[in-house]
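Report on the following structure.
In this document, chain identifiers A, B, C, D and E correspond to the written order of the chains, with residue numbering beginning at 1 in each.
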């Protein structure tokens, strides 16, 4: 029983770390209807920037945070401007493909620019495990979880209550009409990408310090899919709840299912759960359903 | 394929509905077929035996890719169901054929359709969620299918042939002749590529294909005019996975081994890239896309190899080429999408419609 | 106050849709544009509001002036800031936003929160039905309610000019009247200028001061609404009246009837 | 044949479509409440009512798109209440949509051919071959579609993509697609919406011709009272999901409930 | 007579295993350049044509055909799926290919796979060696001990399983397996299980990519001593330690190596001298000695094979893939000052003995812990023979 509790504890923390990455994905989808297949590479880029500042330039951690935030915001702005804006209103698969192309560019150019060797840095929270009852918590993961929850609160408020948030949802709903309401559609798209950039920057720092920094960091992008689908592609709270579910299910699967079937079920257990969940709720737990009327 | 339409009148519906209603188009197709038939000896004559093997090997890989891309386009381009798990069906086909070929000693003309049918059956199962799940949610459900199929192959030795998950397959034989060299495999692959192309052209212009497009454009209306959309989505999944299964089998015979690590998500994404870049909902686009995605990295590399030495040393080049090739691949995809989001096929049509009235442009 | 001078509009770089359209909307009155399907009425409105560009359309000739300022080529959001707002054909509410959020989005250019609240109350006073549905997702409102919301949303920015595209489309007769009444009231009370595109010519010519008839991308007839109502072609093709002025029955329409086109 | 005679004659015809006490709720909203309706074979029956009255929802239930919470729908005496839309279509009910729902990537001809989907049989293998029976079937059905093309005067547009057509033409193609199904009952949801007088007259003509020449029973939703009163044999009025009146056009026009809920009193109403 | 002898080099500098490729391939090239700068092999320059295949099989096939076109007499393969995919082609075309540390373990059998040369300890040999090391660490007796096997859940990860299971029976220890599925960025549950539920006495890990470093971090977190962990060859590089937070964090961690570690070998001095002579700095990747040295090893084996082939031809005439294959099969006694194991490749044994060395993290550095050794050859032989019978 205690083992199960420990597994769940693991799952909660790692799940919230997944959410951190999923949030960036959800923001972009929610505001611009674009699926960002380069989310993992975004995180990798942020991690590379932070590592460059800390390891190569040997500057303090907080400088790295600022540079990574600024860098990712600038990058997202540029990306929106150069790549995604011309694709506005084009078929959704074109946007998907563009982000796949972007992922290739980042994977090719990122290590080339920032150096191929693996770099590591640690968060100022230290490396010593925290003991909390039976739980042994890794400070990095705790940090990631806290950041995730902070973002959840901030973004939930933003979209539900703030006028900018409402405007952003209006843009997502119908760009043309939104522009006729005096909403500067491009600016909101840029804003959405910048927000995704911010989340990715922090995701990159946390994951980068956990995994060590090189191209492999981008692998965490793969974890996003079951998370966002379970929670609902366009739901901020969904990203967090989805992350928690995936984290917990993964851990329980590894703890209890693996010994039975003799293989790593961790990766596909969440996917199986996801399909079952989708059969019941086709738009995820919190996703909004498409309004279909004739 | 530059043809002019004026001057030909069709007197029967049959003539109006032919695949290539204009004589000039029939001629072009004829010439193309002839070119493809004589290509290997021609290339061999021009470049010498070993070099020819290389060039033909590239054509061979493209022809295999064409089959897979056509299948995926039926599902994604024509029926509008995005799939990111296409490669998994290829591995289903590959292992089915490999097991039949090794355990039961069956020849390729049995294992090939068998691989296709098995993949189609699994495809139908994977398609079942499409009853309720739509759009991107479905796309990611197919990603799940990819992972689950990979997992099963990896963990069931009876399918995978052991912990290495690879099964060596004897080369295909025709009339007692074993096909080994690229030149010999060329005709083998060409045969199936052509069949796949013709079958796709026929399917998409007939009742089934129209139903697919109807589902893609307006699923509610499709259902209300009498199309059982669930059934047709499953049919689309089945046909598409059949093609994928055949692709997997062809690939297995081409390599002489079945191995699921040839068919991971990256492969699925490559195929998706082919049809998006080539043009969704277009047979010609699938072919263009297969060519483009296969050739692009090779061309970029050859280009860099030829001109890079002017600026860099070989050691530097070894480091630069891969990075640049990957980035350039991504960049070209993006540039291309920004310029023509509807794909190569659209670009081709624009060129063609320009020439159609040429030299009397408006 | 709003003048279109000989404008041409091209879609996709090749499809010429408006071929030299000139018209004016007088301040504080309703000006209507009639015309068959595909004549280019909506395109005209989109050219004014600037949303044309998001449909790959472009004003290639002529100019559009508002208060003596050229506005063609400006971005849609900037034009809205000048006080011109379009109510789209076919309602086009933000489906996933609630009624109230739709209104808030409509007031995007209004900075003061207090004013936004005031405007919402004003809209609710015009359309009490909307208050009842204020927390309902707009996509599930009925057609009429969506139309009210679309107009109400446009009012939220306190525009000086409202471009109304077929407000009666799909609405029940009583509602059509109601909406036209409200529009007239807005024009009278709030000094709103309205450019109205309508298929329901009877209603449109009833409330408008001046009218234009558009055919195939050109203005083919214009005049005061009263005059237009008397025009025999208008009577037959837009009002459905026969020569003697009484309504003819749809059952009596012949299979092959005479078609009138002013120009082509 | 005067209108009155037709009606008397048709009133006696056996109902081809019967709707008995159907209701439909969405969350808290009752879209349709206990509505019954008999559609005599060969008649044109109009359903009118304010926006949100539940007219479209009623059609949606008939065509199988919504499943009624209660009640029963029958075609020629056979229960079709719980059939799926495609099965309903196969039984012979076709419809058009309030907001046009054509297959925009296909040509006019292909849209009509799709209308004939339920009458065709070709399977996957046969169509991959496109030879023999498959080809013969295509040709045979192409002929039927050509008849409809002639009927609706769409000859020039056969090979045009429907996405590029004008609104009025798209509505006509949609009617054509429904007719291609060779339905027993045709459901039309605001076929004249967004049209000008001229086009409405054309559309009314086509509907009447389909009814008289092709003997198709028509259920019509329309807000243009001029059209409704002129061409329908029978009118049913809904309000807030309930049936508040029914009868001949004249009766309905005099019904005070209907006037209060729907028609109002002035020009916008009857356009007369 | 050939002026240049072409060797094909498949490499992954942009794919799933790029962190290996960017270090390993330069090592290989540097060694060949060194040989060329010393006058080549028997007077022949060697041209190593590298093609990056992005760890994708179709590109691997294309690169193979390209190498063939360029006239390659041997090919340094890279990647298990690629090796599998090309096995048939290599045999048909009679071009030998090397697959150190990947490919099938059964390919050690030169009779069965005449043109595939693992040239280094296969996963079977590594598994056996890891058990031997475990036994030594646990005081020479494994009876009743608990050994955990933490592996990447793909064919390569699963390959040592039959050997481990067999040895568990022979040595009487309890083996439990823990799979880490791709992408392996998280394994909290498995490590927790090993440390707190199973309570393993020793852990053998066989992980790839990012997962070795994640395993180190997780073991640290749950407080499991790293000195009771031994990693097979792809979890043993400096990069893995760095990613885990630096070598000091990983104190005690044991690694299996099939090439020497560090830069204290003569070749390194020679390579540095070569760069100096060209007026250049030696490449930074040289500091990643685990992979760099493996690159050297691969280069050296190819060079030796070619040397043997040329010698057999008596210095004149052109050598073919078939000649080089025979050249491989004569390799013996090449040590590069201890960087290479006492390799002895024969027509029957393409693995060359299956030697490994253990290096342990001590004082923030990978330090040599054992000499070259191999373990349980009889068990391995039995498996190779059984596998050959299967087909």
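Keep this in mind: a contact is a pair of C-beta atoms (placed from the backbone, for glycine too) under 8 Å apart; a residue touches a chain by one contact, two chains touch by 3 or more.
Owing to the predicted nature of the structure, the values given are computational and were not obtained by experimental measurement.
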item: If a chain touches chain A and chain E alike, it appears here; value: B
item: Farthest-lying chain, centroid of Cα atoms versus that of chain A; value: D
item: Most remote chain, CA-based centroid, reference being chain B; value: C
item: Pair of chains joined by more contacts [C-beta pairs], A-C or A-B; value: A-B
item: Euclidean distance of C-alpha centroids - chain A vs chain C, Å; value: 43
item: Distance from chain E to chain D - Cα centre to Cα centre, in angstrom; value: 73
item: Centre-of-Cα separation between chain D and chain C, whole angstrom; value: 29
item: Centroid distance [mean C-alpha coordinates] between chain E and chain B, Å; value: 36
item: Multi-partner residues of chain E (at least 2 other chains); value: 14, 18, 22, 153, 181
item: Multi-partner residues of chain C (at least 2 other chains); value: 140
item: Residue list for chain B, restricted to those that touch at least two other chains; value: 151, 154, 220-221, 224, 322-323, 325-326
item: Touching residues (chain side chain E, partner chain A) in the complex; value: 14, 18-19, 22-23, 153, 176-190, 192-193, 196-197, 209-210, 213-214, 217, 220-223, 239-240, 242-246, 249, 284-285, 288
item: Interfacial residue positions of chain C with respect to chain A in the complex; value: 49-51, 54-55, 75-77, 80-81, 85-86, 88, 92, 94-97, 101-102, 104-106, 108-109, 113, 116, 137, 139-140, 153, 157
item: For the chain D and chain B complex, residues of the former touching the latter; value: 63-65, 84-90, 94-95, 97, 101-106, 110, 113-115, 117-118, 120, 122-124, 127-130, 134-135, 137-139, 142-143, 146, 177-178, 181
item: Chain B partner contacts - residues on chain E that touch it in the complex; value: 11, 13-14, 18, 22, 25-26, 29-30, 33, 50-52, 54, 56-59, 61-62, 65-66, 68-69, 71, 80-81, 84-89, 92, 104, 106, 153-155, 158-159, 161-162, 181, 283, 390-391
item: For the chain B and chain E complex, residues of the former touching the latter; value: 50-51, 53-54, 57-58, 61, 65, 151, 154, 160, 162-166, 168, 171, 180, 182, 254-257, 259, 261-262, 266-267, 270, 294, 297-298, 301, 314-315, 318-319, 321-323, 325-326
